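There are two complexes below, and they share chain A, which is joined by chain B in the first and by chain C in the second.
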Partner chain A sequence: MSREYATNDWYPVADAARMIPGHGFTTRLLGEPLEVSGSFENPVVTARDGRMLPVQVRYGHVWTTTGSAPRPLFDIAEADETDRTFVPCGAVQVRCSPLRAVENFLDIAHFPFVHTGILGEEPHTQVAPYKVEIREDADEVWATQIGFHQPQAAKSATEAIETRYEYRVPAPTTAVLYKTCPPKPEAWDVIAIFVQPVAEDMCIAWPWMALYDDVSPYADLVQFQQEIFLQDRSILENQKPTLLPLDPRMEIPTRCDLTSVVYRRWLKRKGATYGALTTAA
Partner chain B sequence: MTFTLYNYVLSGNCYKIRLMAALLGVEYETVAVDFYPGMEHRSPQMLSLNPAGTLPVLTAGDLVLTETQAMLTWMATSFDTSGTWFPAGDPALLGVVQQWLGFSGRLTQSAGLARLHSMLDWPVDGQAACAAAVKDLRILERHLTDRVLEGGLWIAGETPTIADVACFPYVALSPDAGLEHDAYPAIRNWLYAIRGLPGFVAMPGIHYRHEGTSGTNG
Partner chain C sequence: MTCGAILTLTGQLSAESALPWIHHRGQLLNLAGWVRREDDQTIRMALAGPEPLIEAMEIACSLGPGDVLVDTITRARHTFDEKPDTFVML
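This part shows the complex of A and B:
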């Protein structure tokens, strides 16, 4: 494991809109306790030694970093499109490696079996070939040209559609997906999972969406995403080994689709191994 | 429409009502309530419907019910043509059903809270909730073991009742709090039997049974 690399990324620690002045709370990041307090306008994150950490409010969340030379927080351009509905879905604790949570989010093949009737259904289980690459200029993993049959692609979907997808990993603990927006097929709906690494084997997932949907009540949008994520949670908690194996000799090919192979390779190359298993046991 | 359910998809108590309706084949309407992270069950609008500030809430015309056990009783007596889900004609059996309905309320406070704590960091004493949940799981395991020795499968009597529906969710969901079912063979068989009932519906953390397998991992 390397905390070293991980300390210089930014992580979500709070839902910005739900910060209540005078009601600070403690959380954990990379194995260390943090105090989060202040307000939406002025959030304050304090380390155990009393040091005030850098903060920024982006994508509905309060982000912080503990390192001395933080890399910039990635950009999600759609976050600035004010005609979208932004839906932060709260925090869900999962007893798994933060990297496992990201990898699961990138996997399409499980849709018909885990998200039956929503994101997939039998017999439409085949994932057609798609493209995965490491975009060197941005230092991101991208999977594109993905199509999948979905009975209920979004709350806004009124019928089953062939959903187009693009996946993007802009940082080791964040995955962003772009999928066909049913009421506005020329646009993408954006769904992200921001993962707060609590420890190597424990994380907090902060799902977030930026949608075009003028019809669905807000509570329905939140629950649609929560239902899907909580279906994944019980599976994530039962994955073995708990840490994400990066040694190719340890990979179980059936579970690893192409995106996951490239994601693991990218992590290994960068030395982003917090939450990873780097040598065959 | 028969009734309206103020619903939260991850709530085990709301799921009791969804499951009962599915098993009885009753159609109903839902209103999504943003329980988490929105805390909408504590909004003025929801508090005027249910001053206790809990979910689920069931309305049917002028009727407003805020306790799950009352809802299950009302649903079974209104919609169950077989008369088996709420055995009103058999005092001893009905007594046992009521006994376990009471127990299901305890499960909300033990296994239910343990789950909310471990999943959503609910501000409760997680260790105390887990300890209480283990105690309740052992009580149910013992009861179901006795039932098997008597040749029974369900909590009370020869058929499933609202007591089975009321106790099912938080027992089935206890792995969400890290409380696995390995040590509870009678509970495992009972969960498996409920998942096989005609009309059964799943929720996140509780899966459909797959063909050709047995036990809770099916």
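This part shows the complex of A and C:
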């Protein structure tokens, strides 16, 4: 359960648009308390020892790092496409490992059973074979060629469609989903989950979307995504073991779990074990 | 003759846990055949059983126990002269 790797990543700690001067707040990152204050233009994050931490505002959130040699924050090119609607979806605190939250986001097979009528429905439960790889040049996990029947793939969807998916994991606590955009099928909607590791067994998920949807009201877009995350929360908080096993002795992964298996292999190889169980589960 | 598969793992596989872990997983999946260490970087196994369970073995082995790192896993067809009825460590 090493903190060593984790300290040099960047993490979201606030919705940038909701920063109000004079109304700072306390949060936790990697088990340590932090004070977040300032404004959208000039956010300030202070460690317990009074040290001011590095800060950047990106993807609608305030990001910080506690390490002395932070790796660069990953790039999401779609964030620079000005014709998209950018939707920070608030925060969902979940009593689970931050790695479990990411793994759940990558799991397609649970859609018909947990997000019934929205992201999946019976009898369309089969996950067709897809491709997963660790892209060595970018040091990221990618799952591609995914197709799934969805009753309501997005707020903008007016009927069930065969949705195409690509998943990308650019950092241990971030996953980015590229999926068919219902009103603009030649483009991808982008939905990301940025996870703040509060502790090894507690996290805050900050969903963020970059969509082509100029019809749905902002509140409806947020509510749509919040509903999905709240459906996931009860599943996540009841998973055993709480930490993500990197030695899944008692699990039997199958073809549809391939993204999870490759994600775990990537974490193990990097030594990114904060929130992971490294002994036999 | 019985058709099956040969799986070859390469990577950092020197940990003592590797072979017993694979043996345990093979028994859990009710597969038959054998597994043996070729060297510190290579483990090979011959498997007989239903295709979905051989595939589940391949996926599980691509992660392996906590103290090994699997870099590659390759699969080839294999024919057993006699149908194996247990999964053994050689």
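We adopt the following convention: the second predicted complex is superposed on the first by the 273 of 281 C-alpha atoms of A that agree within 3 Å, B and C clash if a C-alpha of one lies under 4 Å from a C-alpha of the other, contacts with A are read in each partner's own complex, and residues count from 1 in each chain.
What we mean here is this: a residue touches a chain if its C-beta (ideal position, glycine included) is under 8 Å from a C-beta of that chain, and two chains touch if they have at least 3 such contacts.
For clarity, every value in this text was computed on a predicted model and none was experimentally measured.
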{"item": "Touching partner for A:Q126 - first (chain B), second (chain C), both, neither", "value": "neither"}
{"item": "Partner chain in contact with A:D247 - chain B first, chain C second, else both or neither", "value": "second"}
{"item": "Which superposed partner A:T82 touches (first chain B, second chain C, both, neither)", "value": "neither"}
{"item": "Greater chain A contact set [chain C / chain B]", "value": "B"}
{"item": "Partner chain(s) touched by A:A91 [first = chain B, second = chain C, both, neither]", "value": "first"}
{"item": "Chain B versus chain C as contact partner of A:A219, first or second or both or neither", "value": "first"}
{"item": "Touching partner for A:D15 - first (chain B), second (chain C), both, neither", "value": "first"}
{"item": "Residues of chain A that lie at the interface with chain B and also at the interface with chain C", "value": "none"}
{"item": "Chain B - residues contacting chain A, complex", "value": "8-10, 32-34, 36-38, 40, 118-121, 175-176, 178, 203-205, 208"}
{"item": "Chain A partner contacts - residues on chain C that touch it in the complex", "value": "21, 24-25, 28-29, 52, 55-56, 59-60, 62-67, 69-70"}
{"item": "Partner chain B, residues of chain A touching it in the complex", "value": "15, 18, 88-93, 95, 116, 204, 217-220, 222-223, 226-227, 230-231, 233-234, 237"}
{"item": "List of chain A residues in touch with chain C within their complex", "value": "246-249, 252-255, 257-258, 261-262, 264-265, 268-269, 278-280"}
